[in-house]
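Letters are used for the chains, namely A, B, C and D, taken in the order the chains are written, and counting of residues starts over at 1 for each.
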Amino acid sequence: MSLVVRQMSDAHPGPRTVFDDALIKCVEECITCFQACAACADACMAETDVVSLSKCVRRCLDCSDVCAGTAAVLSRRTAADPAVIRAAVQACLAACVASAEECELHASHHEHCRVCAEVCRRCEDACRRLLAALAFPA
Amino acid sequence: MSLVVRQMSDAHPGPRTVFDDALIKCVEECITCFQACAACADACMAETDVVSLSKCVRRCLDCSDVCAGTAAVLSRRTAADPAVIRAAVQACLAACVASAEECELHASHHEHCRVCAEVCRRCEDACRRLLAALAFPA
Amino acid sequence: MSLVVRQMSDAHPGPRTVFDDALIKCVEECITCFQACAACADACMAETDVVSLSKCVRRCLDCSDVCAGTAAVLSRRTAADPAVIRAAVQACLAACVASAEECELHASHHEHCRVCAEVCRRCEDACRRLLAALAFPA
Amino acid sequence: MSLVVRQMSDAHPGPRTVFDDALIKCVEECITCFQACAACADACMAETDVVSLSKCVRRCLDCSDVCAGTAAVLSRRTAADPAVIRAAVQACLAACVASAEECELHASHHEHCRVCAEVCRRCEDACRRLLAALAFPA
């Protein structure tokens, strides 16, 4: 199993940029996080302590939805608007932080929360690095 | 045809808030804009001057994706995270502005761009009002 | 508040079809259902009997995701593939039935399930009518 | 870079099934295809022969949207509805075939179409194997 983000990016007819590596990494983490958060929200629903996990479900669903949209936006190279890129990545970062913080509270007793928190933190980091590469504030 | 955003919001077991009206309006505009932008990108592809519309396609697709994610996030009332709400609405606002500005350049000769630009501006306005109601910067 | 599905459809440069009315209606119901199901899953999470609503959350989330994708597919008029249209509408129909059946079990004690079930049944009906208009099996 | 589909699946509190391997593989291919198709549609828009690629853009956008929804549905293990799983995977299969067939026409002169066609065919294959594992018709 391997993603093809870099191959698709390299095959675009437009010019390369100095922040391509940060962009590709961010897309990879966004789509990983989109899936992990959808799965974690679902796993939380099946736990016997679901009542104490409702906030976790909410944060994971938000993070999944925002990551999916951000992955699509960042997968495009044609006529990008810097303000849209920045705001989309900042929204993704916020959603990843909120989801990670909640999942970390349950990581010691729910393996899905532990894995999901790690994925969210990796995606948060990729968002921060992309914002830095684009010279935008985090 | 009528949306049920308000009915669903009112039926949530949690407490009402002072910004419910702004929230409901924003969800309605987001899902309208999600659809209109998907349709406008597609209509642009079918125009004989598609080469001059590639930027419009890009901006509309981004706006459609971001609006869909934002609509889902704002449709939830359980355990909301203010930072996620704010960042998602700001991303939606940026995407609407970018799409509106480009569609407006083609509004005089393409009816789909004219309608889409109006929808994007209404959604932009709803995002600004929601951010103001939440005491967040636009 | 009004959707612009018909306006966007009419503004497409391609030819009209005999199933445009059924198509437009289906898009309207799909995006209404996308939002209602996202909201119902979230409202279920906030109920004190959430344990008995986990199946309802699952069905609503599936329905929301499938409706969003179907709405986007049906919003396009350029170079449509009949097999994709048919399969997407059939998937939407199946998701609406599953969500409606579960929501109906809780409709008497949860207003959000009652409203959501109605929306799902309307969307199911719109899918059936579109499949019939396209001479596809439901 | 590595997806965490299997880890998230294994961490779900519910029982394992005999079709878990086919399910996990299908989720991985769906999210890869979601991204590749979004990127291919965008790359087509930037080509000088965009007029001859409008059908390819349409098919790729449909495939991207359907794959995203299918990935989310298949990422859930709680209270799955067989009819929804089947219909969602069949829709994904149809979208992958339509996108692959069109991309293959342009694969010799556009690297993004060549890579995207391969990804779509891999996802198509994963859908077929999952339907077979579930004893559903393709």
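To be clear about the criterion, contacts are C-beta pairs under 8 Å (C-beta built on N, C-alpha and C of every residue); 3 or more make two chains touch, one makes a residue touch a chain.
Just so we're clear, the structure is a prediction, and the values are computed from it rather than from any experiment.
Ranked by how far their CA centres sit from the centre of subunit C, the chains are topped by A. Counting C-beta pairs in contact, the pair that comes out ahead of the other among A-C and A-B is A-B. The distance from the centre of subunit A to the centre of subunit B, with each centre set as the mean of the Cα atoms, comes to 21 Å. If you average the Cα atoms of subunit A and of subunit C, the two centres end up 27 Å apart. Residue positions 42, 45-46, 54, 57-58, 61, 68, 72, 76, 78 of subunit A are each in touch with at least two other chains. Residues 54-55, 57-59, 61-62, 65-66, 68-70, 72-73, 76, 78-81, 83-84, 86-88, 90-91, 93-95, 97-98 of subunit C touch subunit D in their complex.
Only residues 1-5, 7-14, 25, 27-29, 31-32, 34-36, 38-40, 42-43, 45-48, 64, 68, 71-72, 75-78, 110-112, 115-116, 119 of subunit A touch subunit D when the two sit together in their complex.
Interface residues of subunit C, counted against subunit A in their complex, comprise 41-42, 45-46, 50-51, 54, 57-58, 61.
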